[in-house]
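The following pair of complexes shares a single chain, chain A, combined with chain B in the former and chain C in the latter.
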Partner chain A sequence: MTNVLLIIFTISLLYLGIAHRLLTYIKILALQGVLLFGIAFIDLIQINAINLAFVLLETIVFKTIAIPFFLNYIIKRNKINRDAEPFLSNFISLIIITLIILSTFILSNAINDSRISKIYFVVALSTLFTGLYIILTRHKIITHVMGYLVIENGVFILSLAVGNEMPMLVNLGILLDVFVSVFILGIFVNRIGDVLKDTDVDQLKNLKD
Partner chain B sequence: MTGIYLAGAFSIAGLIFFNRRRVVNYLLVVAFLVLQIGFTVYEYLHVNTIELGYFTADALGILLLATLSIISIPAMYHSYVFVSKEKDNPMHRAIYFAAMVVLLTAISAAYLANHIAVTWIFVELTTLSASALIYHRRNNRTLEGTWKYVFVCAISITLVFIGILFLSFTLKKAGTDDLSFAVLLKKAPELNLFWLRLAFVFIFTGFTAKLGLVPMYTAGIDAKDKAPSPAGALLSSVLMNMGFVGIFRFYIIIANSPLHSWANHVIMIAAILSIFVATVYMTKVKNIKRMFAYSSIEHAGIVMLGVVAGGVGYYAAILHIIFHAFVKSSLFFQMGQIYRIYKTKSIYYVGDYFKYNLTGSIVILLGFFCATAMPPSGLFISEFLIFRSLFEANYLAVLIIVMLLLTVIIWAFGKNIFKLLFSPAIDFNEDNIEKINPAESISQFILLGLVVYLGLNPPQEFVTLIHEAIKNLPK
Partner chain C sequence: MISLILILLASLFFTGIIIRTKSITSGRKGPGIFQPLKDIWRLFKKGSVYSKTTSFIFQVAPSIYIASILMAILVIPLGQYKGIISFEGDFVFFAYVLGTGKFFSIISAMDTGSSFEGMGASREALFSMFAEPAFFILIGSFALLTGHTSFQEIFASLHFGSYISYILGALATFVLVMMTMVENSRMPIDDPKTHLELTMVHEVMILDNSGFDLGMILYGTNLKFAMYGALIANLFMGSFPLYLTIPIFFVIQVLFAVTVGILESFTARFRMNHNAQYILALSSVSLLIFLGVLLVLKLVS
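== the complex of A and B ==
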C-alpha cells in the first residue's frame, strides 16, 4: 500500500512539470499532503501515539490545508497573474523530470543495504531534484516557494525511511518544515507584496556585480 | 552553565524586544555582554565537560567562542553608534538588538554543540536572526537581500538535514542511533561508504552557505552588503566560523574513515573554485563592502586548502580562520565610518579618505595589509604555513594556481583601497561632512593589533588549544 502511494506521489511530480496555472500547483501540493498523510500513517503506526499524532497533524493540517490555503490567499491578495511562466516548454520539463526519476532509479541500484527500502530513496531524491528544477525554471517568486515546499515533501519522505528507529529525526524535519515555511511565507505575505507591486523575480535583480 | 547562558541570553533578547525604552535596551545589551564573557571564561575553565547532554566545550569550540566574545564587544559598541546616528525608531532598535543577541547566542551554542542535529538547529536559528538584521533598513534592496539570504539558507539547511538523514542510514548498519560527533568518530571506520559519501556531499554543500564557499556563497555576499556594518562584521567573521565548525567536525569523522582522500578532492575543488570566483569578482566589483565580502570567500577557500593539505595545514587553517575573523570584522566596522562620510559605498564616489578621517584611513591601510596577508600580519604566517603544507603534500600545481590568483586579488584589493585613500573623490561636496571621533577606531586597532601579536608571538595556551583541536585528525 505504501508503494502505491509513493508511486502516485511520483506521478504527481510529472504532473507538476506540465502544470500551467498556479492553482494547479496548489492543488498538487495539497494532494501530496494527503499522500504523505497516508504514507506516514501506514509506516509509523508502531511509534508512540503522541508522536504519531504530531506527524499526522502536520501532514494533514499543515501541508494539506494550511499551506495551500495560505498560498491561495497570497495569490489573491497580491493579485498575482495565474500563469506559472516557465522558461522551458512543458514538453522539455516532462522529459527532464522523467530523466531525474530515471537517474535516481539507476543510482539506487548502487545501494547494497537491505535495511533501507530503495523506493523511499528513489521517490525522495527525485522529489528533491524536481523541486530544485522547478525553482530554477520558473519565473515568479511564488513558484520558487512552491518548489521549496516540494523539496520539503521529499525530505519528509526520506525521514520516514528511518522514522521507526529515530522518530526524533522525523520531528526535526517537521520542525524545519513548519519553521521555514511559516517564515518564508510570512515574509512574502507581509513584505514583498507591500514593497513590490508585481511579484516577479525580475524585481529582485538589483543586487549584483 | 550552558543552560543558564541559553536561558539568560534568550530572556535578555525577549526583554529587549518587549521593553523598548532606550536606556533599558542598552543596559540589557551590556548585561548580555557580561553574560557572554562570563560564559566564555567558565567554559575555558571547564574544558571537555558535557553539559545538558548536547554541549561540550572542546578546544575548537573554546577558541572560536573566545573569538566571538572578543568581537561581540566592538560589534555592540558600533551598533550603538550606528543606531544613535539614524532617526530613532524604538521598534526597529529593539528588533535590531534582540536579533544581535539571538545571533550571537545561536552561534555560540552551535560552536559548542556535540551532536550534529543540535548544531543544525542552531544554524537554523542564525538564519532567522540574521535575516532580521539584514532587513533593518526596510527598503527595496534590503528586502531583496533578505529574501535571497533566507531562501538560499533555507535550501542549504534542508540539504544539511538530508545529509543528517543519510548519516543516520549509515548508523543503522553500525548498530547505534546516536548522532553525536564522539560516537560517529568512534564508529567512523565501519560506516557504510555509500551513505557516508552522500551524507558528506549534502552536509558540505549545505554548510558552504554559512562558510562562504562555492557553490552556495552567493546569498552571503548580498547579506553582508545589505546588513548594517556591525551586523555585516558578524556575518563575515563569526558566522563564517560557524560554517567552518560544521564542516570541520564532520571532516574529522570522514578523515578517520576510508573516504579521506575522496573528501579531500571534493573540498579542494570547492576551495579552488572559491578562490577563483573571488578573484574574478574582486577585479570587477565596484562596491567596497561587497569587495570585503568577496575577500572573505577567498580566505574561506584558503582555509579549506589548509585542511585538505593536512600536516601543519590543519594548525594553520584554524589559525587562519581566527585571524581572518578579527581582520574582517575590523574592516567592516570601519566601513560604517566610510559610509557616514561619503554616503555611498561605490568606489567611484569615494577618495582622499586621509583628508577627512585620518585615524580611519590608518585602520583601512593596516586592515588592507592584514587582509592581503602581508607581514607583520598574522595571516601572513598562517597563509605561509598553508602554502608550505600544500608543498609538502605535493599539491604543486594547486599551489601555483592559488598563488597566481592571490596575486591578482592583492592587485585588485590594493587598487580599490588606494583609490579610496589617496585619489581625489569625484563630485564630492566637502561642506557638511561628518567629523568622526577618532575614539571610534580604537576597537579596530585592538583587533588588528591582536592579529599581529598572536601571529608573531602566540601564547603557549593558544597553541596548545589549537593542537588539542586537531588531535583527532590523521597525521
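== the complex of A and C ==
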C-alpha cells in the first residue's frame, strides 16, 4: 500500500510542474501532507506509541493544515498576485521533471545497497530535485518557500525509509518542518510585506552590502 | 470475428448516448439515441462537391481514413477470443495504421489550399505527436508485465493481484480515456461545437468535405470511440466465458459513453497552448506506470 501512496506522491510532483496558480501549489502541498501521513502510519507502526503519535500529529497538523493556512494568509495579506510566474514555460518544466524522475530511477539502479528500499530512494531524491527546480525557476519569493517545503517532504520520505531502525532520524526531519513554520510565521507574516514592496527574488539582491 | 461485430454494434449508439447525456445535464431531453446515425445516412445520400484547388488526395483521403480505422478494429480481441488479425507485436500495427489514416486526413486538409485548414492540420499533428508515447509506453508496460506482445495474449493473461496492480489498472484506464478524448478531438482538448477560428482543431480539417465523404468521416469518429471503449473493456475482461464478456462489454461501453458526456458537459476547453503540456503530462503518467510495472515485476525492490 505504501507503494501506491508513493506513486500518487510522484504524480503530484508532475502536477506541481504544470500548475499555474499559487492556490494550486498550496493544495498540492496539503495533498502531499496527507499522503505522508498515510505512509508514516503504515510504515512506522512498530516504534513506540509516543514517537508515533508525535510523527502523525506533525504530518497532519503542520504539513496539511497549519502551513497551507499560513501560506494562504500571507498571500491574501500581502496581496500577492495569484499567478506563479515561472522563468521557463510549464511545458519545459514538465519535461525537466520527467527527466528528473527518470534519472533518479537510473541512479538508484546503479547504487546497489540492500539496506535502503529503491522506491523510497527514487521518490525522495526526485522530490528533492523537483523542489530545487521550483526554487530556481520561479520569480516570486513565496514560491521560493514552497519549493523549500517540497524539499522538506523529500527529506521526510528518505527518513521514513530507514525510520524503523533509527526513529530519531524521523524526529529530526520533523524539527526541520517546525523550523520552517516558525520561519514563515516570524518573517513573512510580519516583515516581508512591510520591507519589500515588490515580492520578486531580484529584490533580494538589494539586501547584500 | 466476434469483436468486430460487437464494436460495429457499439458504434451505432455511442455518439447518441454522448449527446443524450450532454442534453440531460443541460436540463433538456435531447435527440434520440440513433439521431447521429440518421444524420450520417442523410449525408450518404447526398453528392459531394470538390473544389478546383484540390487534387486526387482530397477525394481519396476520407476513404483511406475510414479504411484505416476498420483495419485497426480487426486487431482488437475480446477477452480470450482473438481478433481477425492477430500476430506478435500487433499493437504497433494498430498504432501505425491509425497514424496512416491520420496522415491522410492531415494532408487532405492541407490540400485544400486554405491556411485555415492548414492551421488545424498542424495542431492535430502536434497533439498526435505528444499522445503517441503515452499509448506505446502504456501497452509496452502491459506487454512487459505479461510477457507477451500480441493484444490478445496481453489481455488474456492480465490479472490484477496486489494493490499496486489495481492502481496501475486505474491509471491505465484514466490514460486511455484521456487518449480517446485527444484522438477524437473532444473536450477538454478541442470543442466539437466551436467554430471560431482561433480554437478549432479537428472540425476545421473537415470543413471542405461534403456529402458521402463527410458521412464517412463522421462515422469514423463513432468507430474510434467504440474501438477505444473496446480496449478499455478488454482491461477488465480477463478470461471470462462468452456469456459474461458480452454483457460486460456493453455495460462498459455505455458507462464510457456516459463518462465522456459528463466530462464534456462539465469541463471547459483548455487554452490552446496548455493543450500540449496536458498531453505531455499524460505521457509522463504512463512513464510512471512503466516504472510501477518494473516495481511489480520485482526488477526493483
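Here is the rule we use: the second predicted complex is superposed on the first by the 203 of 209 C-alpha atoms of A that agree within 3 Å, B and C clash if a C-alpha of one lies under 4 Å from a C-alpha of the other, contacts with A are read in each partner's own complex, and residues count from 1 in each chain.
Just so we're on the same page, a residue touches a chain if its C-beta (ideal position, glycine included) is under 8 Å from a C-beta of that chain, and two chains touch if they have at least 3 such contacts.
Remember, predicted model here, so these are calculated numbers, not experimental data.
**Q** State whether chain B and chain C clash or fit side by side on chain A once the two structures are superposed.
**A** Pair status: fit.
**Q** Between chain B (first) and chain C (second), which, if any, makes contact with A:88: first, second, both or neither?
**A** Neither chain B nor chain C is touched by A:88.
**Q** Chain B or chain C: which reaches more residues on chain A?
**A** So, of the two partners, B touches more residues of chain A.
**Q** Per the contact definition in the header, classify A:56: touching chain B only (first), chain C only (second), both, or neither.
**A** neither
**Q** Quick check for you: in the superposed arrangement, does A:3 touch first (chain B), second (chain C), both or neither?
**A** Touch partner of A:3: chain C, not chain B.
**Q** A:96 in the overlay: touching chain B, chain C, both, or neither? Say first, second, both or neither.
**A** In the superposition, A:96 touches no partner, neither chain B nor chain C.
**Q** Classify the contacts of A:111 with the two partner chains as first (chain B alone), second (chain C alone), both, or neither.
**A** first
**Q** Based on the superposed arrangement, let me know which partner A:34 touches: chain B (first), chain C (second), both, or neither?
**A** neither
**Q** Determine, under the contact definition given at the top, whether A:11 touches first (chain B), second (chain C), both, or neither.
**A** A:11 sits against chain C, while chain B stays out of touch.
**Q** Should A:178 be classified as contacting the first partner (chain B), the second (chain C), both, or neither?
**A** After superposition on chain A, A:178 lies in contact with neither partner.
**Q** Rounded to whole Å, what minimum CA distance do you find between chain B and chain C in the overlaid structures?
**A** Comparing every C-alpha of chain B with every C-alpha of chain C, the smallest gap is 16 Å.
**Q** For chain A, which residues belong to both interfaces, chain B and chain C?
**A** Common to the two interfaces on chain A: nothing.
**Q** Taking the complex as given, what residues does chain A use to touch chain B?
**A** Touch residues, chain A against chain B: 110-113, 115-116, 128, 132, 135, 141, 144, 148, 151-152, 155, 158-159, 161-162, 165-166, 168-169, 172-173, 175-176, 179-180, 183-184, 187, 191-192, 195-196, 203-204, 206-207, 209.
**Q** Touching chain A in the complex: which residues of chain C?
**A** The touching residues are 163-164, 167, 274, 276-278, 280-281, 283-285, 287-288, 291-292, 295, 300-301.
**Q** Using the touch definition from the top, list the residues of chain B that touch chain A in their complex.
**A** Touching chain A: residues 117, 120-121, 124, 128, 131, 135, 139-141, 143-148, 150-151, 154-155, 157-158, 161-162, 164-165, 168-169, 172-173, 177, 192, 194-195, 222, 225-226, 281, 284-287, 290 of chain B.
**Q** Quick one: which bits of chain A touch chain C in the complex? Just the residue numbers, please.
**A** Going through chain A, the ones touching chain C are 1, 3-4, 7-8, 10-11, 14-15, 18, 90-91, 94-95, 97-98, 101-102, 105, 108-109, 117-119, 122.
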